[in-house]
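What follows is a pair of complexes built around subunit A, which joins subunit B in one and subunit C in the other.
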Partner chain A sequence: MNVELVFSLGLALLILTVAGFVIVTRGSFAAIVGFVAFGLTLSLAWMGLSAPDVALTEAALGGGVTGALLLGACARLRRASDVEETPGLVGRGAALVLCLGVTTGLVGVVLCLPDPAPTLAPVAKQSLASTGLGNAVTATLMVYRALDTMLEKVVLLLALVAVWSLAPDRFWGGRPVFGSRQEKGGPLIFLARVLIPIGVLVGIYLFWVGADAPGGAFAGGAIIGAMGILGFFAGVSAVPAVSAFRLRVALAAGVAFFLAVGLVGLAAGTGFLTYPENFAKPVIVLIEVAMTLSIGVTLALLVVGPPGESSGP
Partner chain B sequence: MSIATVFGICAACLVGLGLYGLIVQPQPLRKILAFNILGGGIFLLFGAVARRGAAAGMGGDPVPQALVITGIVVAFSATALGVAILLRLFEETGGTSLRDTPKESQSQETNS
Partner chain C sequence: MSVVLNVFTIAAVSFGAFFFLAGTVGLLRFPDTLTRLHALTKADNLGLGLIMLGLLPHVAWPFGALKLIAVWVLVLVASASASQLIARKVRDT
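Up next, the complex of A and B:
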């Protein structure tokens, strides 16, 4: 047994312990804090699986931004006074049997995976030179499976439209209300002023190196989005009204630019979402600039929620 | 036993844990948490498969990894939408119960 395997076993046990805590603990607040820890340990597992790009996205989104979203919801729901009864012993037993069955089945699948494993890695590597990129995961996201990535940006936008449409009619087009209305403490404002410039820089760096090293538009955008959330929460920057034109432009930039490049490829006769032969990389980086901006703004606004006051004077 | 197998089994257990929480926990916020753990398990299962596909000098198959990155972002949007619906429900009814109608009105409906 080598060291790496022992470390992986320990990490897997830790992940399961934290996940178990999140499921069974009584308080919602404790469960959410446990969930943030779960996201961070899970990103370590992604490192163990040699997937640093996924690890970065999981740490930034799965742990960080989701944690902020759920903590905000937990604070607002504190006044909820429903006494909900958990299912009885029979119900829980049936659920336990079902879940044990599902887990056993999946373990069986994991142990019976075909050997040698089917892989697209050689094919991905082969075409890597023609894209000008060095990171095969970024190449998959931006070139081989560009349509998936574009549609996934559309899903993000649709989710935001759905969240906004939950606002009462009288607030439509207004500003979301985020954080408490009380006087903000000095330390929070200080943290926001010190951390936001560094965080935005880290986000841009992650997107920029993503072409050749672990990183990419999703991890970078998530960190920029988190900085936006911190700015809104500390009151350093005002939450924009959802009807603001510049906000709409920032939200649509990623999909719009992606679509425009796709249509140019179609018009040039090479096909939808194909890149020009010799300068594929500059085009991809430009799309990623627009995408990082849109992802950051969309994620921050998804956390901030629907408009809660009219835009007014 | 390889590292991919260890995390594959871990992923299978996470799916089971998440599913259990989704069924047993009565509060919607806890159901959303459990749903995310279930999703994390499914992504990790993908990761184990990707790790097994290590070839051509790469630590893993990049295609499942890219799919998981896309999946994490979509899971987040779904979570944000779920939380927004839950908060609206709380604003409208003052509670977060998922039971659709009070027992009295339900029995009246069946009588009429």
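Up next, the complex of A and C:
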């Protein structure tokens, strides 16, 4: 037996164990910690499958931002005393049936895949030169499937609108209350002061190398968003009011710029979301700049929550 | 030369793995939060540090090596701050 196989089997076993722990554990806090660990082990598995782009996104989003969102939800649930902790037998039975159905469906699909599995990878590689990009994953996201990527950003924006819509009327337009009261010079403030400049730099770096190496707007934006969450939580930067014009511009920049480029392509007669022949790369990079900013701000504000008297953990 | 470097790598990474094991055993076996934190810092500081040290000869100089060192330093900053926060919470309650 070779070493790689042993490592893969061990990792698969670990992922299954952590997933099982998340399901059977009783406390919601322990389940969330398990879920974050699950995201990190999953990103190791993606590395093992030579998919570093997916691994980065999984670690930043599945492990990081989703974990922060769930922790916030957990803290809010704990405050709302009238929420019933455990669903009834019917609810649990329905969840069980649904999960079993999805699992058997997925297993069936994977087992029915022809060998070798159908792939568009060679075609994607072939047209890589015309995009000016060196990373086939970024080319797929920004060129071949640009519409999907743009709609993803719309969904992200809609999610934030949904969160904001939970604000009571009298708080609308105000600042979300988020963060813990820290004494001056406490460890959290130290961490925020030291880590945020480095984290923002790493985020920009990830987006920039995304053109030719693993990385990209989503992973970079997620890290910048995490730095925002840290800054808001430690209280070193003020949470912006949801009605602030600059905030709205930052939120909409990614989708708006993407759409504008798409419409220019339509007007030029080459079609919606097509890039000019010789300037594909600069245009893509500009879209990614706007997207990285929007993703970072949106993710941070998703975790911060709606404006109100008390929100956040 | 490469044999010496390989032996160095194997030794350092094994030591690092040992500290991770010891830290994990401590996390599971120690009686209260503060002692468990103490066990975890051994894994972060020494375990990760030794593994980084062992891998240094095998990455491209200077940027690969600097990235590895940066990873270690960032983990140190993050875990030390997180430990402080948890410990303060324990002290205050």
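Definition applied: the second predicted complex is superposed on the first by the 268 of 313 C-alpha atoms of A that agree within 3 Å, B and C clash if a C-alpha of one lies under 4 Å from a C-alpha of the other, contacts with A are read in each partner's own complex, and residues count from 1 in each chain.
The rule we apply is simple: a residue touches a chain if its C-beta (ideal position, glycine included) is under 8 Å from a C-beta of that chain, and two chains touch if they have at least 3 such contacts.
None of the values given here were measured: they were computed from a predicted structure.
Undergrad: Of the partners subunit B and subunit C, which touch A:Leu188 in the superposed model: first, second, both, neither?
TA: Second partner only, subunit C.
Undergrad: Who touches more of subunit A, subunit B or subunit C?
TA: Counted on subunit A, the partner with more touching residues turns out to be B.
Undergrad: After lining up the shared chain so the two structures overlap, which partner does A:Ile198 touch, if you call subunit B first and subunit C second: first, second, both or neither?
TA: Second partner only.
Undergrad: Have a look at where A:Cys112 lands relative to subunit B and subunit C in the superposition and call it first, second, both or neither.
TA: Neither subunit B nor subunit C is touched by A:Cys112.
Undergrad: Looking at A:Val3, would you say it contacts subunit B, subunit C, both, or neither? Reply first, second, both or neither.
TA: Neither partner.
Undergrad: Where on subunit A is subunit B touching in the complex?
TA: Residues of subunit A touching subunit B: 4-5, 8-9, 12, 15-16, 19-20, 22-23, 28, 31-32, 35, 38-39, 42, 45-46, 48-51, 53-54, 57-58, 61-62, 65-66, 69-70, 73-74, 76-77, 80-82, 84-87, 91-92, 95-96, 98-100, 102-103, 106-107, 109-111, 113, 117-122, 124-125, 136-137, 139-141, 144-145, 148-149, 152, 155-156, 158-160, 162-163, 166, 216, 218, 295, 299, 302-303, 305-306.
Undergrad: How about subunit C: which of its residues touch subunit A in the complex?
TA: Per the touch definition, subunit C meets subunit A at residues 74, 77-78, 80-81, 84-85, 88.
Undergrad: Touching residues of subunit A toward subunit C in the complex: what are they?
TA: Counting only subunit A, the residues touching subunit C are 186-188, 190-191, 194-195, 198.
Undergrad: Which residues of subunit B touch subunit A in the complex?
TA: My answer: residues 1-21, 23-27, 29-30, 32-34, 36-37, 40, 43-45, 47-63, 65-70, 72-81, 83-88, 90, 94-97.
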